[in-house]
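Here come two complexes built around chain A, the first alongside chain B, the second alongside chain C.
Up next, the complex of A and B:
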């Protein structure tokens, strides 16, 4: 293909565009101002004939850049889907005619709006290139799994079954994690009534018999560097020898550890050996091996056992866990069955506040427990003491509304899970003199932004997203099992299978140089012009995904396969040396600079709207679809994320005479809805500093407003634009119109 | 549909809700060929009818926008709406599936300009709004409907109204002669993600959902919060349109009950806790919520959401399975009768509105599966080797929240890929 650029501009006249707009004038603008090499109008551009016309121009006229002025970029993607050409869309339908009343009075300003979107589309396409293949793209089919418990083993078995070689690194001397020490497991298939073998031996045998799976026991990962498709990991044994392996993607299945029951002296732990935690009971059951379970103090056969649910959990008390560990209700039922299955005469009492056995299997299993004669008591335990004949449990029976003392041979505390999630990379620097807390890193990443996956809450590295539970902030590294959120074995298996899919997907993407979620398939990546860089480090600090390291000369080092293409680095860069082939300071900057700027006395202000393409922009589209109108003076440009907004756009807009600027990003803060995590927050911070710019230009602060807008703000989003129009009316036109 | 190409290396995903959409996209983004079929005119399923998700109180359409963008951009994925699976034969790695597509009466020329909707007069109960609102006979099911293409209600066919719709269309997009079509394809693996439906609350006779206007279901309550929904985003009583500020929530309505669904539907506790926040959102401090429950199952890390709602002084929790509801004829207030089991106190409590936290029933009845899979007593597909290359995803496998449904769907994508890679290995 020749390097010659040939822009084809296509103006659609369908959907009322031809009736409402002077499309001939738009075509003239595309040709004269937009400098399109070829301009065509069409009555119905998205039908087969219209599409064929464009394809013919691409095939036979050498058009390699296509500007389509029709409907929103969110519509008719299947029709306007051409290979090997860059495409820009001018939004004349949702962005112009549907947001404006069809009146004689509105005609002029509506036409001006459309004309500007044609100018903008032509500018965007001029500065946009078709993303070229990333030279960093790397191919490696191997998966690295940190942790050989249920989650790690499942991920290994499932990934190997799809044909991918796997390496498991397990810290201890055996596979199986905590599950290996469990006597039986909660049933995983219908009718969910009887206990099942823990299944670990079967999984271990499968792993040992699978040539695609390599296991390193007594080993840890001491260094991880690279990116999806080209991770390099040092695997070190306890004895100190280290080997290095190369991997395409990583699964962190480092599991959970037990809450230290010694922190619960009020529940008798440590005061008598006859108060145990759930792991302690598993040990007793394994020892009994189907015979009667004996209590630790004197070996007496247990005739009466009390289970205390939520021990040190679901509590805001200092030292307790604030969350529910999810599995403990089912586990206590299982453990009560150890007694009942052996001897139905043993009294088993589970004291709970909310019995949590969700789903079909959970409720069936609960019912089975009831049928086996397990007692369930709604109550809160205040104290367990070491009595002379055995532990004494003092609790408030919430149904009978009375204080009860119950003597037992054995008490089991259902304590919670604490995730082994490694170093909290977001933790503030410890104050000087503060006691040093040493936490073992799981992955020992060499990343600029820290050694492990960022934690979300309570130390779990869950994703923040309900619809995308596998999103993490380190591309190509996925967490699975109770390190992500408290869970039981069955859930850990399901979770690990999903994580294995995501890891496979990540390494497949890396081969092709494609972005991972949420801009899946995007082939662009940050281009960096080293000559201009001042080594200010803003990009390396602000990247929400820790994708950018620093090289020996302290220049940013972009790891393309780790990048999610949000453009936050581009927004951060004060000297504007970062860009994407299809999204850059120029593709947006030239759009906003090339609108027609009426002079001050024309009384036609211009409002620049930079809207997040995932939420605010669709909200404006849907507003239009529902007939909500907004100011004809607005010019809306979608941005990948508000984090990608470089303040130069705002400065340029103010300098070129815009009267108001509205920025629309997603919700920030604890319940952030930004799919690039920090983009919206960073943008808000940047914009809070724009006041200086406004002051230096002697402009009113109200001229720039930043909002959090949700995709459902179908009425509010246009209102915010209208509010700015009102503000402009109040403070007057900008004096910077030349 | 004749141009759909499929081979024994293709994955068929049945059901276009959050689970099916996820499974399809995840597999397609691994480079696999996927056909996604949905029986309704649009993708999105149940989640598209929700106002907010727990525990973040974010909007389902936000994630759907991303998913739709992924779907639109992926050429490995073919989406067939208004299509159902009528038969599946064969074995893992080589299934023959029969798909039946109902006529939409609107072809791909449709630009969603909306002229046909303006032209027609006939109205029908909106499925999207659980019948709480009417829609036109030519309609776009909802704002974010994908494909963004109109539908003509089959009841319109043969009427003058249908002709009006056709005449209003400038793009030759309406084809009133469109017929049901059937096609048979070869696929290697099947992901079954037909999801759930709300349990029919009318069957819980003591609660009078069929008799009392002011007894609604949780899914109906959810529709009230949509600014484009039946009440324009207001929480009001169906009987008189008055603001409902004293709202009772009845948990396990149809769940954990041998007479109805014996399983726990998992989501209803969190859904109710979430819905109490809607009352605070709309009425600030001027509301009262009473939650009648057996156990509050705010499981795992998100128990803190429950703790926050418990700290709200306007929300009361009553441990009780409500025995019955009567109606105060003068006020239209539902009166809840039962016993608070904590201390055993009888009550007869009037409220402005009652919300039944209805359970999740599998969409496909056990007897109606067109596929040979192991289904448990609760109607969910068991993970069983006998299922061969057919894998359940999301609420076809258990009562799951969105987060877990997506995990399940992602896992099912890998299971299907294992089959496909095996086929490719043998044949390659």
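Up next, the complex of A and C:
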């Protein structure tokens, strides 16, 4: 194909477009203003004949850039999927005719709207190039797993079964993690009634017998560098010898440690050996090995045991864990069964405030516990003291509303899990003179943005619980198990299986130079014009995924394979030297500059809407599908993430005479919905500083509004546009219309 | 057997729960309660109970033997079955309430002046005598349940209804003497006696 650009513009007349719009006029605009080399109208563009027409132009007319003015870019992707050409879409259906009433008075403004989207589509395609695969693409099938507990072992077994070689690095001298010390496990199969063997030995045997799995015991990862497809990791043994390996992707399954029950003297821990935590009870059960469990102080056979739930957790008290560790209710039921299964006459009392038994079999297991005669008491324990005959538990029964003193032979505290997530890379610099807390890093990444995976809160790795649970903020590195959120063995296994498959997906994508989640398969990546760079470092700081390092000359060094293609760096760059082949400052900037700007006295304002393509843009599409109309003066441009919005677009828009600008991103903050985690938050910060720009132009600051919009906001999103139209009516038209 | 009331019942131990499981109709379900409170919230008479069902179940688990068995609560149950219908754990709550009342009665520790308890006894006495319910006698016994003066007052108040029923042959004054009965009264008495023996063998009765 020659380098000559040949734009083909295609205007669809289907879905009512032909009835509502003057498509002939649109074709003329595409030809005269859009400067398309070839313009065609079609009655039903997405049918086989229409698609064949476009394909024919590509094959025989030399069209290499295709502008399709039809439905939303979110529709008919299968039909409008042409190889080796750049494609832009003008949204005439959801964006125009469905957002406008079909009335005579609306006809004129609706046509103007459509004409602008044709102009914008033609401009976008002119500045778009066909993305070519990342030259950094590297192929490596090896997986590195940090941690040899249940999650790590499961990930290794699953990945090996899928044919990928695995290396496990385990800090301790044996595989199995905490589970190896458990007498039995919570049942993992129906009817979820009886305890099962902990299963660790079987997993270890499987790993030892699998030639695809290499295990490094007593070892840690002392350095990790690279990117998906070409990670390099130093694995050091306790004795000091180091070996280096190359890996395609990494799974961090470093698990959790126990909360230190010594911090709970009010619950008797440390005051009498007959108060133990759940790990302590596992030890007693392993020692008893099916026989009667004896209490540590004098070896008396336990006849009465009290379990205290939420010990030092779900509490705002200082030194306590604020969260629920998720497994402890099930674990206490399991441990009460150790006693009941051995001798049903043993009294077992579980004192809880909210009994939580997550997982498929949780409720059945709870029922089984009740069947076996475990007493469940809703209450709060205030104190455990070392009595003369054994510990005494003081609690308030919340159902009977009474203070109770119960004596027991043994008390078990259900303390929580603390994630082994390494260094908190976002932690503020410690104050001068503050005691230094040294935390061992798990991965020891050489990334500019820190040694470990960023945390969300309470030290757990940042990942989106619902939408993309295993994705961390470091591409190609996945977290699984209780390092991600508190969980039990069954959940850790499920987690590890998911993470293993995601890691495999990541290394396969890396081979082809494609993006992983969420723009899976995207070939574009940031191009960087070094000559223009001022070394301000904003891109390296703002990248939510730590993809950008610094080279020796202090220029940003893009690691394309680590990039998620959100464009936050492009939005951050004050000198605009970062762009993508098919998404750049120009592809959006030229669109907004090329709409028809009516005269100030025409009373036809123009509102620019920059909407995140993940949530806000679909919300507007769905609003249109539901017949929710909005102002005909709005011109909507989808952006990859609100974080990719460069303030130059706002300045340019104001200078071109737009009367209002609405920016729509996803929910930010702790419960973020942003696909790129930080993009929306960064954009909001950036836009909070736009007031200066407005002031320098003597414009009212109400003219620019930034919102968090969810995909479900199909009524609110159009309302926000209408609100801006009202604001414009109030503050008047922009004086910048030339 | 020693007086069951004197038995040492330890708190939050399984002793009393086991006693309930062994002796109370459907008592085996008590341990399955998950304390959601739907039964208490669904009971139309709930606000008038000293201890709604959910609380009774917890009291059983907490070993509050006397408080449970001497309570008037389970006697308040009108068998509307709302709780059974709504219980997410499918406990036969109505049956357990009657089971508890029955067990307390057998132990002789049910509240003496609880009206439902009293009426239940009147009904039983009336029915087992002839094998047929003598409505006239049962009605009068109910009126005079709390003494003569109240009985006369209630009778006078209800006289028009009574006369009306007589006129329409819904009530016969002849019932006062003897009344109708089943074919084989002595056979019925033998059946009841046998049943009592069987039950006594199964469930120990206080003081006997």
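Simple rule for what comes next: the second predicted complex is superposed on the first by the 728 of 738 C-alpha atoms of A that agree within 3 Å, B and C clash if a C-alpha of one lies under 4 Å from a C-alpha of the other, contacts with A are read in each partner's own complex, and residues count from 1 in each chain.
Just so it is clear, a contact is a pair of C-beta atoms (placed from the backbone, for glycine too) under 8 Å apart; a residue touches a chain by one contact, two chains touch by 3 or more.
For clarity, every value in this text was computed on a predicted model and none was experimentally measured.
Enquirer: For the three-chain model obtained by superposing on chain A, do chain B and chain C clash or fit?
Expert: Once both complexes are aligned on chain A, chain B and chain C clash.
Enquirer: Look at A:44 in the shared chain and tell me whether it touches chain B only, chain C only, both, or neither; answer first, second, both or neither.
Expert: first
Enquirer: Between chain B (first) and chain C (second), which, if any, makes contact with A:469: first, second, both or neither?
Expert: In the superposition, A:469 contacts chain B only.
Enquirer: Comparing chain C with chain B, which touches more residues belonging to chain A?
Expert: Counting contacted residues of chain A, the larger count belongs to B.
Enquirer: Applying the document's definition of touch, where does A:304 land relative to chain B and chain C: first, second, both, or neither?
Expert: Only chain C; A:304 stays clear of chain B.
Enquirer: Would you check which partner chain A:370 touches, where first means chain B only, second means chain C only, and both and neither mean what they say?
Expert: Second partner only, chain C.
Enquirer: For A:404, decide between first (touching chain B), second (touching chain C), both and neither.
Expert: Touch status of A:404: second partner only.
Enquirer: In the superposed arrangement, does A:347 touch chain B (first), chain C (second), both or neither?
Expert: A:347 sits against chain C, while chain B stays out of touch.
Enquirer: Among the options 5-13, 23-31, 41-49 or 59-67, identify the stretch of chain C whose C-alpha atoms clash with chain B after superposing on A.
Expert: Only 41-49 shows clashing C-alpha atoms.
Enquirer: What part of chain A is shared between its chain B contacts and its chain C contacts?
Expert: Residues 355, 367, 378, 399 of chain A touch both chain B and chain C.
Enquirer: Can you check the complex and tell me which residues of chain B touch chain A?
Expert: 18, 22, 25-26, 29-31, 47, 53, 56-67, 69-70, 72-74, 109, 111-114, 143-144, 148, 170-171, 227-228, 256, 262-264, 266, 295-304, 307, 319, 341-344, 374, 376-378, 380, 382-384, 398-400, 402-404, 406-411, 413-415, 417-418, 421, 425
Enquirer: Which bits of chain A are touching chain B when the two form their complex?
Expert: 14-16, 44, 46-47, 71, 74-78, 158-159, 161-163, 188-191, 314, 316, 322-326, 354-364, 367, 378, 398-399, 401, 457-458, 460, 462, 464-470, 485-487, 491, 494-495, 497-498, 500-502, 504-505, 508-509, 517-518, 520-521, 614-615, 618, 622, 625-626, 666-667, 671, 673, 675, 710-712, 714-715
Enquirer: Touching chain C in the complex: which residues of chain A?
Expert: Per the stated touch rule, the residues are 304, 345, 347, 349, 355, 366-367, 370-371, 373, 375-378, 397, 399-400, 404, 406.
Enquirer: Which residues of chain C touch chain A once you look at their complex with the stated criterion?
Expert: Touch list, chain C to chain A: 11-14, 17, 31-32, 34-35, 54-55, 58-59, 61-62, 64, 89.
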